[in-house]
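What follows is one structure encoded as C-alpha cells, with my remarks underneath.
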Amino acid sequence: MITFDSVTKRYPDGTVAVDHLSLEAPTGEITVFVGPSGCGKTTSLRMINRMIDASEGRILLDGEPVQNIDPPTLRRGIGYVIQQAGLFPHRKIVDNVATVPYLLGWDRKKARARAMELLERVGLDPAFAGRYPFQLSGGQQQRVGVARALAADPPVLLMDEPFSAVDPIVRTSLQDELLRLQSELNKTIVFVTHDIDEAIKLGDRVAVLRVGGKLAQLADPKTLLSEPADDFVREFLGHDRGIRRLQFVSTEGLRLRTDLTVTEDAGDSGDGAAEPWLLVVTGDGRPVGWRSGARPAGLEPYGTYVHGRDSMRAALDAALLSPSGCAVAVDGDGKVVGVATREALDAALAEAADG
Amino acid sequence: MITFDSVTKRYPDGTVAVDHLSLEAPTGEITVFVGPSGCGKTTSLRMINRMIDASEGRILLDGEPVQNIDPPTLRRGIGYVIQQAGLFPHRKIVDNVATVPYLLGWDRKKARARAMELLERVGLDPAFAGRYPFQLSGGQQQRVGVARALAADPPVLLMDEPFSAVDPIVRTSLQDELLRLQSELNKTIVFVTHDIDEAIKLGDRVAVLRVGGKLAQLADPKTLLSEPADDFVREFLGHDRGIRRLQFVSTEGLRLRTDLTVTEDAGDSGDGAAEPWLLVVTGDGRPVGWRSGARPAGLEPYGTYVHGRDSMRAALDAALLSPSGCAVAVDGDGKVVGVATREALDAALAEAADG
Amino acid sequence: GGSGGTGGNPLDTTSAAPTGSASGAGGKAVIGSFDFDESVLLASIYAQALEAKGVQVEEKPRIGSREVVYDQVKGGGLTVVPEYNGNLLAFVDQKDTSVTTDEVNTALKSKLPAELEVLDSSPAEDKDSLSVTKDTQTKQSLNTIEDLAKVSKDMIVGAPPEFKKRWEARFKDVYGLEFKEWKPTGPTTADALKDGSIQVGNIFTTDPKMTANDLVPLQDTKNIFAAQNVTPLLHKASVDDTIRTTLNGISAKLTTESLLEMMQKISVNKDEPATVAKEWLTSNGLG
Amino acid sequence: MNWLTSFFAWLVEFFGNGDNWAGSGGIPARLLEHLEFSALALLLAVLIAVPLGLVIGHTGRGEVLVVISANLARALPTLGLLVMFVLLLGTASIWPVIIPLVLLSVPPILVNTYEGVKGVDPELRDAAYGMGLRGGQVLGRVLVPVALPLILLGCRLSAIQVVATTTVASYTGLGGLGRYVIDGFATKDYASVVGGSVLIVLFALVVQVLFALAQRVAVSPGVSQRSKVR
Amino acid sequence: MGDGPPSIWEWIGRNWDTGRVDSISNLLTDHLTMSLVPIVLALVLALPLGLACVRWRWLYQPTSGFMNVVYALPSLPVFMLLISVTGLSQTTVIIPLTFYGMAVLIPAVVDGLNSVPDHVRQSAVAMGFTPLRRLLQVELPIAVPVVLAGMRVVAVSSISLVSVGALIGQGGLGGLFTRAYQNPFMPPVIVGIVLIVALALVADGLLVLAQRLLTPWVRARKGTAS
C-alpha cells in the first residue's frame, strides 16, 4: 500500500504543484490519478519513487517512508512506465526489458529468459526481441515499456499517461491488455491520465485532482459517476454521465423472456400472436429480426448484447436500436438466450439508478 | 454541386486509392467523407481541386469537368483547410488570411479589410491580426485556416481532418463554430474525417468509404445509425449506435408533467403525496433534488436537460442519473419547465426507434 | 594570368602584378622589396634617398620571394629592388660557381637579360654562415667549417628550408660535411641554437641575434658561401642617371657594420625600417 | 589540360625520387610524424573535451563555456595562434605547436558532445532514473551511447581541423607532411609542393574514411537506425 | 625613437596607414576582399545548387558527399595545388574558400527548404500558388533562418581561414603573422588575431541583424510568446 500523508510539493519557483495530498493506493489495486493538465498528477506520481522529493509530508510504501530509502534502490523495486515508453534506442528490445535485472546483477542468461517470458506475457511476438525500438510501432513500444517495468517483478507499478501517445484503437487494446495482466499479477498500480474515460475504465479507485494539486474526490468509478463531489468533478466527468454509469451495472439480474422467439422455418407460428413483437431466429438460434403483427411486410432491425458479460449500457443500446424497444440477449456464441423487454429494462435501470 | 463520376485513382506504385467512386456533394450542404485510415479520403478530396489528378472518371464542379480548368485558377476558387492549418509562419495572421485575395490581385487595402472581417466572422479578436501564427494556439490557428479558406468567398470548401490536431474541447467548439458559419454562408463543403462522431455531428450527408477506396454507404447521419448498409459500416459506427441515434431525436415532443414539483420553502406540501417522487425546486424554479416518500431522510440526485434544445440522448441521460427515473426538463436559464417521467420517455423512445 | 605554362614551375613563372612599364607611369620609380625586414629597410633607404633627389617614388614592400620580384623588375612593374649579388647569380644561373664579389658581379653582368641591370655593389654583405654557440666552439674547439666536418655526424643542423636544396650537397662535396639531422628553423635558428635543440645553425651574418646570443660563425675556408653584397637591380629602361648616381652613392656608404646596426634596431627595438633608413640617410648626409 | 599533364609530371618527379622515400625527411617518416602529431593533438583534445562536454551536458552547468568556445573557435586564425604560441614559448619542444592544435580542436568535440548529451530525449533520462540507474550509470549506459553519433561527429570535425592545422604548423618548424609543402614553396620546388599537398589531401581523406568506419562500428544500429526492418 | 621595442599602440600607430601595401589598413582591405568574395560567391552558387538538390532528390547524396570531401581538405595544400592553375593571386585563396562555403551552405539551403512544413507547402498549392511564386513567396522566405545560420558559420570561418593564405603571400591580415614570425615580435600577432576575431564578430553580428530584419516571425518567437 502506498500512503500519501499530507504531502505538499512546492517547486523552487514557488509553484505549489501538490497541496496537502492525503490518500491511499491499496495493495493489488489500480489507483488512477486524473485531472486537468498541470494539476500535479505527474508530480504526485514521481514523488513515490523519489524522482521528485516532497517538500512537506510523507509518502509511505507499506508503512516505510520512502525518504528513508536510497533512491536508486527504491526505484529498482518500483516499475515505472511513461509516455512514448522511454525505451533505450541503442539497445535491443530484449535488453531493454532486461535492464533492471541486469542492474540487480542477475546473470545475463537468466535476465534474458525473464525478458522473453515478459514479452510473451504482454502479447509481443518473441521475434521482436532482437529488434531495436525504432523498428516497433508506438503501441508495441508501449508494450515493451510495460514489460520492462515488470521485469524484476516489482510489487508496485507507476504509470504516467502511458497510452496517451498512441491512437485510440491501439489504446483500447493496451488498456484491455493492462486489465488482463493486472488480473493475473495483482500489482499495486498508480496510473496517471488526463482522460476521464481511461480513468473510469482502468481504475479500481479514481482520484480526481484539481489544479493546485488538491484532491477533489477519491472514489470508485461508479460512485464518481453517480455522486460527483462538486461542480468541478461533475464538469470534468462530462456528458453522458448517466449512460456511462450503466457500464458498471451488470446485465445478470436482467429478467429475460424466452417466450417471444419464433424459429424462422417454423413459418407463421401463431403461438405468440397476442404479442405485438416476436423475434425471428434461425434454426440454430441466431437472431434474424423482429416481426410485428402491425407490419407484416418485413422484419425490423434488432440489437443484441451478450447477457451477463455486457453491461446494462449495451443492453439499453440494443433496445434503442429496435422499434420493438426490446434488447436481444445472446450468449458468447451469438445465440439468442432471451429477450429483455422494455419493462424488464426499466426495472433494472430503476434499480441501477438507485444505487 | 460536386459530382464524382466513376472516379478511380491509381498511384504509380499500383495502389488503388479510390475505386470507381460515384457520388454527389450537393450545393450548400456539408458532405463528409469518413472511413478508416488509408481508405482514400484525402485522395478523393484532393482530386476535386486537382492537387491529385484522377486516373479514370471525371469530377464535375457544377457540371464543368475540373480537368478543363487550369489548376491554380481552379484552386483559387476553392477553399482548402487542413490539419495543422498550414498557415505561413512568415506572414502575419492578417496577411495569411488575405493570401488568396492577394493572389487574385486585389488591392492591399481591400484584401486586408476583407481579412479583418473574416477574422471577426470566425470568432477571432482583431488584435490577433498583427501576430504571427506561432503566437496562436492550435484552435486559433485552425480558425485562421478557415478564415483564410473563406477569404475570396469561394463557393466550395474542402476540409481535410481540419480539427483532428486540437484537443477535444477546442475541437467541439470549432465544430460548433463551423456549423454556425455554414448556417450563415451555405457553402458547398466536403469534409474529411476519420472520426465517425465528427462525421455524424457535422454531415448533412455522410459517405463511408472502405479501404480500397470503395463507397460503403452514403446517407444522412440518422439513417446511417439506424440502417448501416453492412457489417463494415456497422462496425465502423461502433458501439452506442442506438444511444447516439437519439441525438437526432428532438425532445420537443416529449410529454412533460408539471404536477410533480414542490417549492422548497413551501415545506411538506402534502399536495402530491400520492406520487412516489416529487421534485423540490427553489423559489425561482431551479431544481434542488428529488424527494421520495419512501426515503424521507434527504433529497436524491437529479439530472436535467434543456427542453426543446437538447436531444433525447440528454433527456435519457438525465433520467438515468436519478433513482426517480425521471428527467428534469429546464429552459435555457436552468428553470424547471416540467418533468419527463419514465413513461413519457418510453413513449418517445419507442417512437424514435420506429422512425 | 591563369598560366601554368607548359609544365613550367608556377612559382617561377607567375607574375602577380601587372607588368606595366614604370617609366610609362609618369616617370615614377617603383621600389620593391622581398618579404623580409632587411630588404624592406634597404628599399626604404633607396626610396627616401631618391625622394630627396626629387624623384617621384612609390614603395611596394614585401612583395614576395625572388621569383615574383625578379619577374616584376624584368617586366618593368618594379623599377628598383635591393638584391644580393650572390643569390641573384645563383637564381639566374644555378651552376655558376663564382665566389668573390668581383667574380660574381662579372658573371652577373654577362648573364642578366637585356632588360635588367645591376649597379655597383656595396661593401655591405649579408652572408650565409654556419654558426655555433660560443660554448660549442670552445668545447669542440671549432674555428672553421673543416673542423666541423669531424664532429658533424652527431650534430643537428638548423636552417631555413632552402638549406637542404641549396647547400647540403655542396657541403658534403667540398667539406665532407654530413649532419645527423636537419631541422627547419628559419627565423628561430638562433633561439634553437641557444636552447640546444640544434647544434649548428645556418644563419645570416647580419642577424642581430648572432651577437645577442654569442653565436660564432665558422670560417668558410673553401668559400662555399658566395659573396652577398647588397646590389641594386634595375629595370634598365625605367631609370635615369639621377637614380643610378643616387643609388651608387648609397652603395658606397653602406657597410656591413652599418647594416648590422640598423638591423639591430629593427629586430631588437622593433623600429620601423623606414625610420631606421631615414636616420641612416641623415647621418650619412644623404637624406 | 596542360596543367594537368604538368601536374602528373610533378607527381612523378616527387614520388619517383628515391631520396623522398628515405631517411628522416622521407615520406614514411614524414607521414608517421604527421600521424603522431595529429593523433597526439586529437587524443588530448578528446581527453579534455569529451568528459567536459559530458559533464556540462549532463549537469547543465558551465554552458557559457560551450557557447563561447563554439563561437570563438571558428573565428580564431590558426596561423596567428601558432605564431603566438611559438613566440611565447620558443621552439625547444613541440608543445608550443601542440597546444594551439589542441586548443583549436577542443571546441568541435566539446560543442558536439554537449549538444549530443543535451539533446537526449528527456523522457529517456527519466526512464533511466526511474528504473534505478545512478547518475554515472545514466551517463555511461544511456546518454553516451545515444549521443555517440554527435560525439563522433565532433571528433571528425576536430580531426579535419587537426590535420589542417598540423599542416600549417610546419611553417613554425613542426615536422610532418606540411614540410614538403612549406619547404617546397620556400625553395621553389613545386614538385615537392604538389607531392606534399597530394599526400596531405589523401591523409585527410583516409582520416575521414576511418571516422566513417568508426561510426559504423561504434554506434548502435538502434541509434543510427541503419538496419532496415526485416 | 625610444630605445626598446614600441608598445603595441605605438606599433599600431606607426603601421596603421602608411600608404604602403603592408600597412594594417591595407591588409585589412585585402582580408575583407578575400573573405567577402567567397562568402557572397558561395551563397550565389549554393542557392541554385541547393534548389536543384531539393528538386531532384537523387542529386543530394552525391553533392553532399562531394561537399563533405571538399570540407575535409586542409586549406594549405589546396592553396598550394591551385597555384599551378591560378598563380600566386587572391583567386587562389578565394576559390577554395568559396568551396568550403558551399560545403556548408548547400546543406543549409537544402535543410532550409526541407524545413518548410509539408502542410504549409500543400496549402500554398491548394490556394493556387504557381510553382515559381510558391518558391519565392513561401519556401525561400521560410528557409531564410536556416540559410542565414549557415551563412554565419561560413562568414566566420572564411574570415579566419584567409590568414592561412599568408603562407603563399596572400593572407590579408595573416601577413602580420608571417612578418611577426620572421622578426619575432608579438604586437603584430596580437593585432592580427584581434582584428580577425573582431571582423568575424562584426560579420556575425551583421548577419544576426539581417536575420532579425528578414525574419521578424522568428524573433517574435522569443519575445512575445503569449
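Order of writing sets the chain letters: A, B, C, D and E. Residues in each chain are counted from 1.
Operating definition for what follows: contacts are C-beta pairs under 8 Å (C-beta built on N, C-alpha and C of every residue); 3 or more make two chains touch, one makes a residue touch a chain.
The UniProt protein names, listed by chain, are A, B = ABC-type quaternary amine transporter; D, E = Osmoprotectant transport system permease protein.
The model shown is predicted, which means the values in this text are computed figures rather than measured ones.
Where touching is counted per the definition, chain A and chain D have no chain in common. Top-ranked chain pair, ordered by C-beta pairs in contact, is D-E. Ranked by how far their CA centres sit from the centre of chain D, the chains are topped by B.
Chain centres here are Cα means. That of chain A falls 94 Å from that of chain C. If you average the CA atoms of chain B and of chain E, the two centres end up 55 Å from each other.
With each centre defined as the average position of its C-alpha atoms, the distance from chain C to chain D rounds to 39 Å. Each of the following residues of chain E touches two or more other chains: 83-85, 178, 181, 184-185.
Within chain A, contacts with two or more other chains are made by no residue at all.
The residues of chain D that reach two or more other chains are 3, 6, 86, 172, 182, 185, 190, 193, listed in rising order. Of all possible chain pairs, the ones that touch are A-B, A-D, B-E, C-D, C-E, D-E.
Taken in their complex, chain B has these residues touching chain E: 49, 51, 71-76, 78, 80, 82-91, 99-100, 103, 131-135, 145, 148, 158.
Per the touch definition, chain E reaches chain B in the complex via residues 117, 119-120, 122-130, 133, 138, 141-142, 144, 215-217, 220-221, 224-226. Taken together, the chain E residues at the contact with chain D in this complex read 68-69, 71-78, 80-81, 83-85, 153, 156-157, 159-161, 163-164, 166-168, 171, 173-174, 176-178, 180-181, 184-186, 189-190, 192-193, 196-197, 200-201, 204. Per the touch definition, chain B reaches chain A in the complex via residues 226-227, 239-243, 245-246, 301, 303, 313-314, 316-325, 342, 346, 349-350, 352-354. For chain C in complex with chain E, the residues that touch the partner chain are 1-4, 10-11, 14, 16, 35-37, 40, 59-62, 64-65, 68, 186-188, 265-272, 274-275, 279.
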